[in-house]
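In this document, chain identifiers A, B, C and D correspond to the written order of the chains, with residue numbering beginning at 1 in each.
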């Protein structure tokens, strides 16, 4: 892990994104366990370096598309914690006025084109966002986050191939957290690196250590430059770990069944992206400890404020059922 | 082209299969142009070596699944010309009692599990046939024929991956005839060899000269042996040429537009599989000219008989509309 | 007025709208060469960027249309046969129609999915199904199926200008039908039915090819002294309930004619609505005329027997009159 | 009689049928660990070969089920949520239901697609749609949706023994419901409705979760002196028209309650059928109670307002009584 080629403000920026995601997700986990949040919740803890590194390499114009595990992507792209939290509570002040929920947060103003609850469902749409950029001769790139599980969906195949044949500025970021629900990636495919599939579409495929935010940033920069220069799509496979449940509350609904060993969990903990980043910036005196503490305190407070604001927000009016319909 | 490792009776068998397909398809083309056949018709002329070579490597128990361009596969697997022709005429004596037509011929008795009009639609089903063989510890293998165009469908990706993860005895035979309808394969994908996609599923991928029936036979033999031994699926890409139209009558419905150069057509003609085979067996005195002529006469007669029988056959009774329904 | 074929009118709508708005583009399998003549010639005029051939990848192409739409373009996604939309079903049901609502009104998805729908060319089950009934069920998806060249052009132009996802269905069997198509620009509004024949005894309601079965039936009924009103719905979602209810208020009898498998068909929807909202007007039970409830057979004699015919419509109308 | 949960009864049906017939196997995403407890414990008993985890590949898994079925096995394909079937729509619409007919009766496809259907857990649009209406339209596909543990077990066992493709829908919101489930083997026939409450004033017809809304409504109506008959259809295709028509012959009033988007819903089909075939019995217009016509919102207050409620049913029933 090193940051030699990365300006200090970017290091700080990446660190901030990772931390914001972490503190937000920790709080969401607590709220869910307390029974305060409706629906399903899939946390991004352990994978923060992927979204943070990638989004730090994007401009505000660039777009992203996300998955059922989408909170981290929204935050990394600059999403508003209050409107996110309110959405998770199903409140009228949420990003989607309570109509979307955890799996469907979007912020079109910042190029966050939406989280999609259908595994692989966002990939074709991201191709369309890339098509738009190409069509309008814009510099914009389109980023698609998806999981190792999604890489086995037909949409993966069709989307990468389509983006390749049209030479579109799309960056496919596969978050290989080793599991699709409870199935290990290596049982759902007979290959080690999903990045190898890129060859089948004639596009570059990179394996990146997804626990290292700097590596993610570098890989994304390269892919973004390539895309902006008209070089077409890239597939980036980020090897990462989901530290927590597939969906919050899974212990209960799995009835005591487990699917990961203690060693595996310990190894993932040792590669925790926030821990790695914190250790790196601390040990190398890149960001002063005091600053890190203030930052953490600020973010923690912002998350707490978001929760308070969400709680105090009104539930959607029944009238709103018939808003946001046909134009 | 050589047959050193191939017994003479197999050479003759392959030759017969190729010729039967050719003479049948030529006649179907004529009938279609004369307006005698309803619906759409996609001929296999130019690609006969693929089905013939592969099916010669199969037993009667092994199963195949086919496409909209399916006549050749049925014949290669041993299908009955009379019942095929009757089906094309939409007659009650056809394989499917007139309910299927050109794009949906099946003969379950000889392991021909059906032609499928949806591009890529047969691939998942072939995985199921392989699953069945594996489940029942049978020696049976499942062969799936599909086109270069189909290789861009999501079903291709999901099917190869599923067959690979379950180590099923499925042989995916991609008939790369260079076009999906009027789109050249190289515009629909940024790679030269579809076989390279096999690496993405951890299975062998072979490029084979699909105009050489012996090469096809060899490749199939290897893949069949591997599948029977529990080694799982193989992807075979057969480079071949469609000599005629995508669908019969395309000149008319394309309104004079063309999409292939004369040179390209001439090159394909030079690599015509029947021509190559005929030249080879003749020049090397493998099959006597007289025998070849008798064979051709017999087959030509059989096709003519099939046409006569089909013409004389009754149209389906209206009552038959409500047969072959729920059991 | 110039007379044009149905398919030429559709082509004209595409060309005019592409000329009018350069955010409009066409994408699909072999749209350049034009598998259906509806897209023929557009590539020559508009070039590579606006007439885009794709690999055979319905799911991705449909989704790409959606992604392009939510980022400011106005795609027309041509997926050839109606049944090929089954492969893109997820993108349409889960994404296209839902995005605006699901994201609280932040976005819109102005795009057109254009496919052939229905049977009539002996193409077998995989190429001969009507699909409108599926998309009618989905909230926030518009569905149209014109029966004439005039409507084909006018409705497609409206669809392209619509800010919502629209499924534009065209009928292969009507492709060669000729009709008047004005040279001056015009639009046909989505959601408005067209009364094709005024009558006082029975209301017959159809869409696309079944309009002709209905008209033919009306003629046969006239010979029996029965004066049928024939309504061409043109739009399936939203649909012009008002016109139908007003007609039934007059006639007291209703026959729904729909080329579709029977259960949960458009005919079921129309019949249920009339039964619900015009009950007191009804002098006889509503009647549905649809496909027979079997997969589409290949053989022309069987295919014909499966599809709703004028004779079937006459029989149904007679039932309302006894 | 032992009392069991809905989901436990389903699990029992799977286990018993797998014991009875070793051609029966289960395939799907995470069926071993059991995302839904319905498949829990089967892997321990039946092992790797008969309880097969797959990659997330709905189209291929569905098709693999079909391929296995036509080659002699009896697969149960579990694809988790109903909406995921959209990705397998082609295999179901074009292949599963059609193969037997299309190939002239040469084959059969005895398989079960098992998915959750409907809303009620605030999971948002992508995980909260009812899907039965789509499959009801397809010829030669059977569709069932039980409302009780007893029916869940008995119908699933029938589905597994059926020689045709069956879509077995279960309701997440009913998963924890308890009911009597006999220890002795029994089957519930596909296609037979269950009259849950006899009544003489109005017929209320539902399926799955809407049966409870209907029963609750019946109680509320009873308090007003209205005696409602409540029919649980249980099977959606084929469906028990006879029982419904007989009931309407008695009551003269009909309310269809269906958790589905309204247009071309099951409610439309039932209402149309009653209007067509029991017209002379009807004393008032048929009524449909369905979802509101919007994508499924996440927020519990909105979700609840979209779904058909007992109060909605009461209001509809009252309309038939004035």
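What we mean here is this: a contact is a pair of C-beta atoms (placed from the backbone, for glycine too) under 8 Å apart; a residue touches a chain by one contact, two chains touch by 3 or more.
Quick caveat, the model's predicted, so the values are computed rather than measured.
*Asks:* So which chains count as neighbours of both chain A and chain B?
*Replies:* C, D
*Asks:* Taking each chain's centre as the mean of its Cα atoms, which chain lies farthest from chain D?
*Replies:* So the farthest one, by centre of C-alpha atoms, is B.
*Asks:* Rounded to the nearest whole Å, what is the centre-to-centre distance of chain A and chain D, using the mean of the C-alpha atoms as each centre?
*Replies:* For chain A versus chain D, the centre distance works out to 36 Å.
*Asks:* As a quick test, compute the distance in whole Å between the mean CA positions of chain C and chain D.
*Replies:* 30
*Asks:* Please tell me the distance, in whole Å, between the geometric centres of chain A and chain C computed from their C-alpha atoms.
*Replies:* Chain centres of chain A and chain C, defined by C-alpha means, are spaced 40 Å apart.
*Asks:* Would you mind listing the residues of chain D that make contact with two or more other chains?
*Replies:* In chain D, 54-55, 57-60, 83, 87, 90, 94, 101-102, 124-126, 140, 294-295, 297 touch at least two other chains.
*Asks:* Scan chain B for residues touching two or more other chains and write them down.
*Replies:* 96, 98-100, 104, 116-118, 121, 152-155, 157-158, 161, 165, 187-189, 325
*Asks:* Should the pattern of chain-chain touching be classed as line, ring, star, complete or other?
*Replies:* complete
*Asks:* Which part of chain A faces chain D closely enough to touch in the complex?
*Replies:* Its residues touching chain D are 38-40, 87, 90-91, 96, 98-104, 116-121, 149-150, 152-154, 180-183, 187-189, 253-255, 257, 259, 315-316, 318, 320-322, 325.
*Asks:* Using the touch rule from the top, collect the residues of chain B that touch chain A in their complex.
*Replies:* Residues 152-158, 161, 164-165, 187-191, 196-197, 199-203.
*Asks:* For the complex, which residues does chain C have touching chain B?
*Replies:* Touching chain B: residues 29-30, 33-35, 37, 40, 53-60, 83-84, 87, 121-127, 292, 294-295, 297-302, 305-306 of chain C.
*Asks:* In their complex, what parts of chain B are in touch with chain D?
*Replies:* Listed in rising order, the residues of chain B that touch chain D are 63, 65, 94-100, 104, 106-108, 113-114, 116-118, 121, 123-133, 135-136, 142, 154-155, 157-159, 161-162, 165-166, 323-327.
*Asks:* Quick one: in the complex, what on chain C touches chain D?
*Replies:* Residue list for chain C touching chain D: 59, 83, 86-87, 89-90, 93-94, 97-98, 101-102, 124-126, 129, 133-134, 136-140, 237, 260-261, 263-269, 271-277, 279-280, 282, 284-288, 293-295, 297.
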